[in-house]
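Supplied in structure tokens, the structure appears directly below.
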Amino acid sequence: MGRPSQNLPDGLAEMDSRRAESFSDGVFAVAITVLVFNLLPIADETRGANSLTASALGGHWPAYLAYVVSFLTIGIMWLNHHTMLSQVTRVDRTVLVLNLFLLMGVVAIPFPTALVADHLHESGSGRVAAVTYGLVMIAISIGYSITWVYIAAHQQALGSRRRVHTPRLSTVRFTAGNAGYVAGTGIAFRWPVAALIIFGLLAVYYLFEHLPDPGETDPEPGSGPDR
Amino acid sequence: MGRPSQNLPDGLAEMDSRRAESFSDGVFAVAITVLVFNLLPIADETRGANSLTASALGGHWPAYLAYVVSFLTIGIMWLNHHTMLSQVTRVDRTVLVLNLFLLMGVVAIPFPTALVADHLHESGSGRVAAVTYGLVMIAISIGYSITWVYIAAHQQALGSRRRVHTPRLSTVRFTAGNAGYVAGTGIAFRWPVAALIIFGLLAVYYLFEHLPDPGETDPEPGSGPDR
Amino acid sequence: MGRPSQNLPDGLAEMDSRRAESFSDGVFAVAITVLVFNLLPIADETRGANSLTASALGGHWPAYLAYVVSFLTIGIMWLNHHTMLSQVTRVDRTVLVLNLFLLMGVVAIPFPTALVADHLHESGSGRVAAVTYGLVMIAISIGYSITWVYIAAHQQALGSRRRVHTPRLSTVRFTAGNAGYVAGTGIAFRWPVAALIIFGLLAVYYLFEHLPDPGETDPEPGSGPDR
Amino acid sequence: MGRPSQNLPDGLAEMDSRRAESFSDGVFAVAITVLVFNLLPIADETRGANSLTASALGGHWPAYLAYVVSFLTIGIMWLNHHTMLSQVTRVDRTVLVLNLFLLMGVVAIPFPTALVADHLHESGSGRVAAVTYGLVMIAISIGYSITWVYIAAHQQALGSRRRVHTPRLSTVRFTAGNAGYVAGTGIAFRWPVAALIIFGLLAVYYLFEHLPDPGETDPEPGSGPDR
């Protein structure tokens, strides 16, 4: 009885998926909070004889926009990451490596966010910033697709919690997401502000559209239906 | 047997509430620690030939006051967040989205804190800083109210751990909290220091007054009353 | 049977001690990592035409000393915090509030650390920095004593995991620790470097001397002796 | 039955290894995320009239290289740390102290990373930066070896999850790793960029080569084969 994983021989290079998730959750939590560091310098810049006014604060709108877009984006990436890993009970070395590269992208997000926060309102620099932002998103998006395809292909070996019935649908979804980021990046070459708003809307869209969830995401041993 | 959630059909868009809590806890822990970054520059500013004196340190009282007020505020928000999510065993997509917006507000708190730390002792800028601080608090406060109302209205579907007997009382409490922040923000237009002290007293008040707790906050499977 | 806590009526203002620990652990983990931010500016300061030399790096010894001392100090505080909370199975509102004030002190540690890192090698400022460091340590030390006394006095109500046989011994230990910090702070008025070394030795001492541990720190439900 | 640890008398100075892991995981998660702070200043430096260009961004290649190398390095250190602690069910005071020193090294990594990010492209300073980087790696590497040797020697007393069949092999592996860092540091005296690439390749190598894993990393009580 017990967990399906117990029916499989002990793998040398495997890890309980919950533990990989727990470390990843920590990284996501820190990365999403680091975004506020793009707002903190505003307090410094407004230093001086009463230079902090409502309009001085308002002039930093690119920083607020970048904060909101990146916060929602990392938030949705966390949700997708959770859904992806919760499909299986164990992760092998390949998933761990793929996961590490994914996290490397997620942790880097505050950097293009800072570029956008500092430069979006400038004509030339704004484009470079928004395009860089889009390229980072595309890279992460591709990383998710690869990881998802790998997990779907090895779900049996990784102790799938329930058959993923719609791998094709998921593939479509991921492709659509990637296409959205590619389109946004293309637009960023001309209209950087519009591009950032598109990136934000993509995040909002994914907040309501998502990967198939396993019915129970964190089953404890012995809490199965046969209990 | 087992958890109440198991009597419900598998929901596609649901997550075990403990996991959402765990991620949120991480965000709260980082956000509350980020507050110290408003103190670190004081070490830099006092650099130079023996310019670090007790009175130079004391001159930064707005930074210390802002640190204490925001620390207590995020602390009490963590307690309320925990109490809110522990009412239920699962969260649906709507709660996850509401939660993400709540966290977006909490993570932003170090920013108005920095504004207050840098400007509270200035006459005009101090008001802008304190009003901004109050507005962020009001926004988060409203976010809590909405999330609480939603959870209370859907407690059956979300696998309530115990009937919330006092939704009306809770609503009153939240309204009172919101009113406190609105009053404080109004006062900030004239007396920014007084406003900050009020925000601190609100946090202290809530440290001792709080949402109804479920009796057992983290029941493991099989630890139910039927054991 | 199950956990002792289940024999008690549902308390409105209580929380499973493991969850309070988990949030606190997060705060400790972030606070201890924030210490590296006192080292990062060294890379900036050595910018310029080949100004990064071994001796330029060595000149920042107060920053390295402060890093090591504060790292060990927060580390030992984490261990003591864990031991303290693991004596009981639940925490009441008072413990939560005391805990929040404790964490407020721990999170602030990078600030006096920054003062010491920037000023220890200066004659006058070094004393102010080291004294401030000592005062923060004394404040946290007193906070620990109060929390410990409260928990020891209410261990029955908080679901003690095992009788604390040596409350008097613990009190002696805490008093000794406080005395150590008081002595160090006194010395800081004259010999700031010596004071910092004393604070470091205090941490090393406590690494090997510690509170009475409960035999099993994280018992899962059902893993009790009656199993 | 239950866990093997329950057959041993209650140790005063012991802690469930999972809890030590959980705190360590938090520290690793924050430390790995702190690496992005070496990228954030790039946004500031490119401020000014449209000075953010693709080539200006590209000019900061040492920062990106340092980010990738350190990210992979901390990632692999996390994996090794997990594998090391998961060999046993409890940790004694010595392991806790060794662990604290290990973490002190890991948390410091963003500092030599910053040195490399800022100076690698300079002729003289680049060498100092890369050598410092290597020395920190050697120190951490030695720390891992000591901890591993201690755990392997005391696996019986620490409640080993399964006999470590290959202590000699592991020793060889660790020695090889240390040798790699020593060689890289030697090379850094002449070719700092090559040294950093070597440090990166060492991390990639270890991503696929690793310590013997216990078959099941996070067994819950009662989930053993006798269930």
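Per-chain numbering from 1; labels A, B, C and D assigned in written order.
Basically, a residue touches a chain if its C-beta (ideal position, glycine included) is under 8 Å from a C-beta of that chain, and two chains touch if they have at least 3 such contacts.
The structure presented is a predicted model; accordingly, all values stated were derived computationally and were not measured.
Undergrad: If I list every residue number at the interface of subunit B and subunit C, are over half of them used by both copies, so same, or under half, so different?
TA: different
Undergrad: For the identical-sequence pair subunit A and subunit B, what's the CA-based rotation angle in degrees, nearest 5?
TA: The best-fit rotation has an angle of 90 degrees.
Undergrad: State, to the nearest whole Å, the distance from the C-alpha centre of subunit A to the C-alpha centre of subunit D.
TA: Their C-alpha centroids are separated by 24 Å.
Undergrad: Centre to centre, by mean C-alpha position, how many angstrom separate subunit B and subunit D?
TA: Taking the average C-alpha coordinate of subunit B and of subunit D, the gap between them is 34 Å.
Undergrad: Going by the contact rule already set, what residues in subunit D reach two or more other chains?
TA: 22, 26, 29-30, 37, 220, 222
Undergrad: Which stretch or stretches of subunit B touch subunit C in the complex?
TA: Within the complex, subunit B touches subunit C at residues 22, 25-26, 28-30, 32-33, 35-37, 39-40, 42-44, 46-47, 49-54, 57, 67-68, 71-72, 75, 78-79, 82, 207-208, 210, 212-218, 220, 222-223, 227.
Undergrad: Which residues of subunit C touch subunit B in their complex?
TA: Of all residues in subunit C, those touching subunit B are 1-3, 5-6, 9-16, 18-19, 22-23, 26-27, 29-31, 34, 37-38, 41, 93, 96-97, 100, 103-104, 107-108, 110-111, 114-115, 117-119, 122-125, 128-129, 132, 220-222.
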